[in-house]
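Just below sit the structures, each encoded as structure tokens.
Shared between the two complexes below is chain A, which has chain B as its partner in the first and chain C in the second.
Now for the complex of A and B:
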């Protein structure tokens, strides 16, 4: 029941936000905070047998489709990620709101997106999963379209068509599976897990679903929508996309693809892991060349998620543990990073690295906060990203040591471009753009503090969150049959 | 059956309105009459009576499809008065033809004898030829009527030939007898040839490629209100008739024709969506979208069983509801501007946000995005086609859906991204249009969120 509440509450919030043009942000903040409180309650009372969080009702009886939602450890962590980030994403709109006469629509869409995301992470029925998957696409598309920057029409349409194309083939795959279940057919996740497929069918299902997830993550060469979309989207949109939405793809791999078509994954693992690693290197090299901060962060994100995908697709317990944990870590880090970039852009009117310098001279506190975020992005030990990346590399190492060595380059490259950004923006002489930049008394800092604390706490004591997901991961590995 | 009597009576009543001078009240009378007819129609639910020495069988299939036809007819009648103020046509004649068209449709979805099927299809066709030409002084309308008539007459002859050949093989016009004959096996060549001819004629009627060339011109040339009836009522009737014919009698011939169906369906899907991509006129876009949607519906015909018929009905309703929304707004635009260019949607969200919301829901439903009826409808059809072993066709249908996103979303984007230079003035929204749009929008969403209500009624 609690899970349903987590889906319904944002919808109600969205409706109220839409109807209150003057204080939509407050409504949204209230709604997301309430949501966060419920989520924390779920985390604290969580145990594997908790039936409190499961809900099952017939939805479309003639086709055996149920409205079935539940949370195991993996879902719980992703729901936690979603609901923990949403208040920050809402808060980060404070600068845009005064000049936006459609702010209520924007917050309404953000909350609608939240509902759909929670739905994606908790759906235990294939059809329901697909519906939430699509429902998450509509609000983010509208956010990017209505508040986007240059060329938004072309870029957002490409984004929409790209992702929809992938997901339609996933629907085809799911429907094929559905028709293989014993009569009366069912979309229930357990029934889909139990379908025995020939190795050809496994390959077919693998590709039908993999492409959908690969586009969302994105994995090379399905990534071409991503940098443009990240850059043109308003900051809140970029945060939703990079912080949470791409996790839908990885979650899809873990929850749906690996257990349903393990042989398919094994057959194609070499190819797709190599593709992911190409993405890691390719993204990192392009990030090295970027002068535009937002584009740099977009490519860096692309590079990092390649690692998650590769680690997960290696199908080891470490890979899944690392993947789940790193999804959280990456979500927090990337939202923090985009938030900082947005702050810099707003204060200096530019996103070009070369035109920003010397901010540490004005505001040391901000420089320290930013440093911790950068440290998180480059996976320094004692930051949250280190734990995940280590496990993921470990998983790739088990699969193939040489590939692991290549994938490990991501950490070095990451350090190069992130530290360069840090050096050039924070140190050096103040210039015309940064003359009067100081964040000392700005309320925005209160968004950065909790994020930075999360980065450190998760890095120093990851055990609590890891333990939450552990039983679910072991169960999943059991389903995969490894 | 009561519905048929009531419809014919209403048709004569609207003609009498012209003679006895209660023209002005005809519209209101028809609205009341159609509501009564709807009630009469649904009173026949679960009765399953046959009429005219087994020429018609009024079963649940008929009641459901007739209900859909009547509701679309009601929408057309509601939207008509404003249209007739702008376009000079003879109002009561148009109403009479519309009702005859619906009566023809009713016969087409409730026949149990091939001769009744032919009578129904001709009644519907002749009424629609006339309706296409009702804008007498408009060249395009004349062209549409002539084109439609010539092509229609040509393909009617194929239909008749096909029926004759099936008769030659089975020795009867009766559906049950034909079914009994065809399931016995060892079928004569006449039966296949007849089925083939009937398939071609029906492919023309539902504007399946490569027999679709008439459709964009006829849809575009006809008065908009007529285009609306052609893309909803005629479509429901034609697909209803085809589904009835194939799933009641001719299904044994389906496997041997699967290649033909494959080509028909794949071509229709691709031609429809690629054609729509090129259009600047919203009306022509809807015409091509009608062709593409015929492709999805053909997926439901191939399986030729009861589940597939249900999927077909669901999608026909979802498609008609979305189309009525789109046409209502098209009509509003055409009252204000002289053409039907899609550019007129620019900035609509700023001036009429609720109207824009209705168009958005309608476009999403046509594009098949959840949570709208169009999504579940498409999905339902896809499932039936995959279950019948036509996965490759579903792949083509998915490709066509992806292409269709471009043109449906172009409309949505136009509405929400205004042209900086010129903001349109708000559209005037008459009361009935408001009612129709509210009902269609809510139906689109409700059927998308809870499709169970219609997913298993046959």
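Now for the complex of A and C:
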């Protein structure tokens, strides 16, 4: 029941927000905080097979479609990620709101997005998963379309078509699986796991689902919608996309693709892992010379998620441990990073790193906070990203040591481009753009504190969160091994 | 397991102290007085040193042989979990003494050195964070812990090299150091993965016990040790990853002394000593290490001969001396290598702090071309520098003599040709150090006379640490007397338990006592002659003065090559840095034109088809909604037909 509550509450919030033109952000903040409290309650009381969190009702009886939601440890962590980030995403709109007369619509869409995301991460029925998957696309597309920057119509249209095209493949795959289940057919996840597939069918299912997930993540070469969309989207949209939405793709791999078509994954693992690793290096190399902060962060994010995909696709315990944990870590780090970029852009009126310099002179506190975010981004030990990247690289290493060496280049390139950003913006002398920039008295800075603390706490004691997911991961490894 | 013993509490407190100092100074330093900041910053490290002494005396009294302190489960990896755990054994005790001992002295010295800087509290916060990371490194009971310390010290090194962050050159040097270390770290990380794949655990004790089952020179052992050594190349500035260290001299001088001479750069040696069993099982790797080490020792020594920046000379000297330490490791003489790690920490810290005193007295001047004749103007600093120089040069009975002699004797026993090379290196070392000493303190003053009028030695907080280091540089070698004296070698005996298994594995060639004495006599005679010529006669002064000028047309090619550092930086720029920038820009074009172009092409193609089907629709978006409904319809059709 609690899971259903987590889907319904944001919808209610969305309706109330839409009806409150003057204080939509307050409504949204309240709604997301309530949501976060319930989620934390779930985490604290979580135990495997907790019936409190599961819900199953027949939805479309003739087709055997159920409204079945539940949370195991993996779902729980992604729901936690979603609901923990949403208050920050809501808060980050404080500067945009006063000049936006459609703020209520925006917050309504953000909350609708939250509902759909929780749905995606908890659906245990293939059709329901598909429905939430598509529902998640609409609000974010509208957010990017209505509040985006330059060329938003062209760019968001491409984003929309691209991801929609991908999910049609997934629908095809799910339908095929459905038809293979014993009569009466069912979309229930357990039924789909149990379908015995020929090796050709495994390959077919693999590609149908992989393309949908690969576009969302994105994996090279399905990524070209991403840098443009991240750059043009309003910051809240970019945060939703990079912090949470791309995790839908990785989650899809873990929950749906790996257990359903393990042989298909094995057959194509070489190819898709190499593609992911190409993405890691390719994104990182392009990021080296980008000057637009947002675009740089977009390519960097593309590079990081390639690592998650490669580690997960190698199908090792470490890969799943790392994949699940790093989805959280990356979500937090990338939202923090985009938040910093947004602050910088608002205060200096530019996103070009060559035009921002010396901020450490004005505001040491901000410089330190930003540094911890950079440290997280380059996966320094005792930050959260180290845990994930260590496990993911280890997973790739088990798959193939040479590939791990190539994928590992990311720790070098990552250091180069992130330190370049830091050096250029924080070090050196002040310039005309930064002369009067100081965040000391800006309440917005306080948003960074919890994020930075999370980066450190998750790096020092990752085990608490990892233990939550561990039984589910072992179960999944069991399902894959069959 | 459950009870927290005295050793546990001592070890935990020892690590917690610098962290506490970092937090206090980092979070509240701005509001504290300078003397308070300095007292806290130095106090916590001094406290850590006293606790180290406590642990050491417990060990010596036989309270424990090797002890693991488990704090909490840190990093789950598959079915294994790396604990946040500390391992105290003779090797970590030795490093503890050096890190906290030399560390305390340098902290105290810094109070005077950095006093006028607005970033005073920041400096002490960073230094404390460094000590904390270094303690994680030397106390970590498993590979991930060591790696955490390893990256942590790299981070602090980055922060401290770029301490004066307004200067673009300094921050560039900081970034270079970090990135170059990261190259090594990738190797290190892969080495850890290979260890894990092979042994299923990352705890040092378990790995080393399990490793004994591997055969000698098994591919796995060679692979692991080579990969880990790549990490050491970065951290300990060996060929080809050494160019960051001279640039790192951009940091304040106490940083150069502590991080870039005495402690952090020896992390690679510590790591090899920690994994000595694995290295003993991989003779191929040991040969490789020897090769790299000797090449680095000679290359850096030749470069040092024509450097005109007082700190750069010392930096190249450090690179070269690290080469000597690795040469010992390459011979499987782990204790010998660690001996030089210790003595070098004393005399190189002394030299750097002495150089700092010179620079401080001359208001920031680092060019030795602008110095000269300072002997009588800053007599205390001169004496300090003299002791350091003679110790590096290897004059008996100073500490450097014993440790270097041991390395040379070991190398001779294995391969006389390599011994000749290292002997040459020793002579070069004596030469460039004497050149430095002479150009700074002897002859005529060559700089701005305005500066020299107010010249005086530094305040006492800066001098006391120097005295302690000078004493250590003189007597520090007595713990490791040459074998032929039959006085017993306390240093080797102390470390014996750590290296017992690998000593059993490796063949040991012992030199005949007369051979060793003859070699020693030869080295001492040659170095002694150089010292005599440089300091007691005037014969070398012309050479020293001429060596300041390496520009003009008539300069010999080898002089140019040495003074230009073999153009290594330029070569790396051409080979790696510029191409990566070009590739980055080119790939961006490929991405926006080719990859995205293909996608757009496909899009246009579909748009062509869809235009036919959406002719009746009002807008494009509606068209895609239609597409979606069509999809759902199609789905229903499939159901009906299926």
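The rule is simple: the second predicted complex is superposed on the first by the 481 of 482 C-alpha atoms of A that agree within 3 Å, B and C clash if a C-alpha of one lies under 4 Å from a C-alpha of the other, contacts with A are read in each partner's own complex, and residues count from 1 in each chain.
The definition used in the following text is that contacts are C-beta pairs under 8 Å (C-beta built on N, C-alpha and C of every residue); 3 or more make two chains touch, one makes a residue touch a chain.
Predicted model, so just to flag it, every value in this text is computed and none were measured.
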| item | value |
| --- | --- |
| Touched partner set for A:19, first chain B, second chain C, both or neither | neither |
| Which of chain B and chain C A:8 touches, first, second, both or neither | neither |
| Touched partner set for A:60, first chain B, second chain C, both or neither | first |
| First (chain B), second (chain C), both or neither touched by A:416 | second |
| First, second, both or neither for A:290, with chain B first and chain C second | second |
| Which superposed partner A:457 touches (first chain B, second chain C, both, neither) | neither |
| Touched partner set for A:190, first chain B, second chain C, both or neither | neither |
| More chain A residues in contact [chain B versus chain C] | C |
| First, second, both or neither for A:361, with chain B first and chain C second | second |
| First, second, both or neither for A:40, with chain B first and chain C second | neither |
| Overlapping contact positions on chain A, where the chain C interface meets the chain B interface | 63, 134, 157, 160-161, 164, 168, 171, 175, 179 |
| Chain B - residues contacting chain A, complex | 310, 364, 369-371, 375-376, 379-380, 382-383, 386-387, 391, 394-395, 398, 401-402, 405-406, 409, 413, 416-417, 450-452, 455-456 |
| Interface residues, chain A side, partner chain C - complex | 63, 134, 157-158, 160-162, 164, 168, 171, 175, 179, 221, 223-225, 227, 282, 285-290, 316-318, 321, 358, 360-361, 375, 380-382, 386-387, 390-391, 393-394, 397-398, 401, 404-405, 408-409, 411-412, 415-416, 419-420, 423, 426-429, 460-463, 466-467, 470 |
| Complex contact set, residues of chain C against chain A | 72-79, 81, 144, 147-148, 151-152, 155, 158, 162, 165-166, 168, 171-172, 174-175, 178-179, 182-183, 185-186, 189-190, 193-194, 196-197, 580-581, 583-585, 587-588, 591-592, 595-596, 598-600, 603, 606, 620-621, 624, 627-628, 631, 635, 638-639, 642 |
| Residues of chain A touching chain B in the complex | 59-63, 127, 130-131, 134-135, 138, 142, 145-146, 152-153, 157, 160-161, 164-165, 168-169, 171-172, 175-176, 178-179 |
